[in-house]
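Note that chain A is present in both complexes that follow, paired respectively with chain B and with chain C.
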Partner chain A sequence: MSHHLFLLSPSDTPLYNLTHYSSKPSQSTSSPLASNLPSWSTSAFAGTLTALSGASSATQTQHGQGGTVKIGAGQDRHVIQMIANASLDAIEEVMRKDSVMYLKSVDKFNEWTVSAFVTPGNMKFVLLHESRNDDGIKAFFSDVWELYVKTMLNPFHTAHTPIRSAVFDSRVRASAKKYL
Partner chain B sequence: MASTSKQYKAVGEDLWKGRTEKINAELFALTYGALVVQLIQDYEDYAEVNKQLEKMGYNIGTRLIEDFLARSSLGRCADFREVGEVVAKVGFKSFLNITPNVTHGAQPVASSPTRTSMPPPQVNAPGSTFMLQFDENPLAEFVELPEEALEGGLWFSNVLCGVIRGALEMVQMQVQAAFVSDVLRGDETTEIRVTLTKYLEEEVPVGDD
Partner chain C sequence: MSYAQPHARFSVLSNSSLSSGEHLSPAASSSRFSLPSAPSINTTSTPKPGARPNIYDRQLNKTRTTEVSSAAFAFLFSEVVQYTQKRVSGINDLERRLNTLGYRIGTRVLELMSWRTESASKAPKRETRFLPALMSIHTHVWRAVFGKAADAIEKSVENSDEYMIIDNDPPITRNISVPRDMSSLSCSSFTAGIVEAVLDGLGFSARVTAHNTPNDQFPNRTTILIKLEKSVLEREEALKT
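So, the complex of A and B:
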């Protein structure tokens, strides 16, 4: 049972992502650090988002190549990101109506549910998960929010840039282990 | 009248409590952090940044000592050992509300030809040192040094060394203060070593014969 976490800036730039398998104690090596966000993934975001929806709210200014979108459920990385992206529209819709931070599950795609959390600074935390775990996920989001705020307070961190801190990474993983 | 370390602690505590203008710790840490980051961007050389921080601290220290002496109304310290105690327990306490641990080091062996036996540690002589060990550092809350800063040898809180040097120079002591270790760099402790270089003679005011 795996979870995928994405931290997105207000302009929907991916700043951090994490894949967490809660069955195994050891973390996956599937590149959780933000250094794994090369230009292809950003372009995949742009490509899939514009391909999927005619949503006018998503004003992506990134000029990405149309990423090859594989339709179908599964653990494929492209699909995961596609799902996360597709949920952004739903998130923004809910954001406009309600002004709560924890938006429970905003979207569903085959077996994946997408939960979102929007911080007061308009950072979006998107979590893809298979099972229901509202309380755990809420606690996890709060934890991630706290860790994110502490990272932002680091003078050496520039706002809205990918988060590469190892301390942040290890703490998010520990929190994921605890709550998910 | 030798003041004990407990008395110094009490004085420090009183001074801290007596201050009406305190500042939010987060704001302070953020301001200092922004300052360091800006210096790094301007100078792009970590050794130079260290030097600038120390210089800034020196300027602060020369002014700070007046405020400190006025409020604390402490007299002249008997020896360098006492200086260390006062700096740690009263100085740092009243300005930053932290009390670093002080450990005193004796001077290196003097190669004086007139003595045949090892002279007892003269705590008043040039070469005396004391170490300040910090459990907490309000300047460095939330700070994580990036790789380049670690490799470049940045001492994030180097301003403190300058403050110590500047303040003590105004009371006729020339010292060298430098960081020995820093938890931001991955070391176990954060420590500053202060070494007495010499006592400064009273300067004759310009114009006198």
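So, the complex of A and C:
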């Protein structure tokens, strides 16, 4: 069960991303169609699902058929990024109206749920995950926020540039292991 | 001579193949310089005992109530102004540079201030509407940066997109005397930069400038003028309904 975290600046440039494979047992979420079908056919059905849901999936079906057989709909790197990008619209819409920082789950795509956290400086933290874990995700976002504030306070760090510190990376991983 | 070393160090960094790319930390593994035992940035996970302290270990709340000596700051600020003055072509340029310096501070003030107030709460909130944001600048930012709230907020009657924050005795310009031929200069452009960064961060882009408006009671009275951009006004109108 994996999680993907993206940190985006207010102008939507990616500043940091992380893929984390959790060892915690995942709660069984029903992805309605996929669970009854053998795994080799979910990639084919994923195309239909997304076409029905109206997502811009033209590129995704090509990738789905062109590459090797995948389990579920979202194991590819570019599919993950496409899901994250598509959720930005939903995030922006909620962000304008709601004055909380932790926007719970803003978007759903097959079995992936997208949760978001918006800082006061309008930085977006986007997390793709498969199972529900509201408390853990909230604690994780708070941790990442704290780490981000500490990074920002560094006078040598130019704002809205990619974060490359290895210490930041290791801290985020440790936090992910703890909460996710 | 002391300048040669940083340049040489950076050029070594650009040639050596560090896995973390262009990270300009002086602790990077570079065998040619005998730096004191600093951990190479290629190590992951926990810092070894006796490793250099890094910013991720510091508590953010530790310096919440500490104060900086105003004399030390005045000295630093006067040096900043003198340094800038040698390199600019006029008053507007000087104000713009001070504004940029304040901008860098403002982005950090916004995040740190919000973190300190909101991190403890269950559901942290942020400002989405303009007037509450302005109020929070007027009190919280001023209190965080200067130790006391600003003196007044006003809305301009002529233009609907202008707001003013008034400070009767700004601490940073208290020790600055401006020559008469530059009387339109206000070193509070530094403060204006801070306010501009906070507004920008919250999503309300504006042009912020500082003006001297002395009156009999307070000869140092300064007005920070905030001119909002059209898109912000339109969004506020749409959200109001």
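The working rule: the second predicted complex is superposed on the first by the 131 of 180 C-alpha atoms of A that agree within 3 Å, B and C clash if a C-alpha of one lies under 4 Å from a C-alpha of the other, contacts with A are read in each partner's own complex, and residues count from 1 in each chain.
We take it that contacts are C-beta pairs under 8 Å (C-beta built on N, C-alpha and C of every residue); 3 or more make two chains touch, one makes a residue touch a chain.
No experiment lies behind these values; they were computed from the predicted model shown.
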Ask   = Which partner does A:Leu147 contact after superposing on A: first (chain B), second (chain C), both, neither?
value = second
Query = First (chain B), second (chain C), both or neither: which does A:Leu18 touch?
reply = neither
Inquiry  = According to the stated criteria, A:Asn122 is in contact with first (chain B), second (chain C), both, or neither; which is it?
reply    = second
Request  = For A:Ile137, decide between first (touching chain B), second (touching chain C), both and neither.
outcome  = neither
Note = Per residue count on chain A, the busier partner among chain B and chain C is C
Key: Which superposed partner A:Tyr102 touches (first chain B, second chain C, both, neither)   = second
Ask   = Just chain B (first), just chain C (second), both, or neither: which does A:Ala86 touch?
value = neither
Message = Once chain A of both complexes is superposed, is A:Ser170 in touch with chain B (first), chain C (second), both, or neither?
response = second
Request  = Could you give the residue numbers on chain A that contact chain B in one complex and chain C in the other?
outcome  = 150, 153-156, 165, 167
Remark   = In the complex, the residues of chain B that touch chain A are 26, 29-30, 33-34, 36-37, 141-146, 149
Task = Report the residues of chain A in contact with chain C in the complex, numbered from low to high.
result = 10, 95-102, 118-122, 142, 145-156, 159, 164-171, 174
Ask   = Which chain C residues qualify as touching chain A in the complex?
value = 20-24, 41-47, 54-56, 58, 60, 104, 107-108, 110-112, 114-115, 118-119, 123-129, 201-203, 235, 239
Note = Within the complex, chain B is touched by chain A residues 150, 153-157, 165, 167
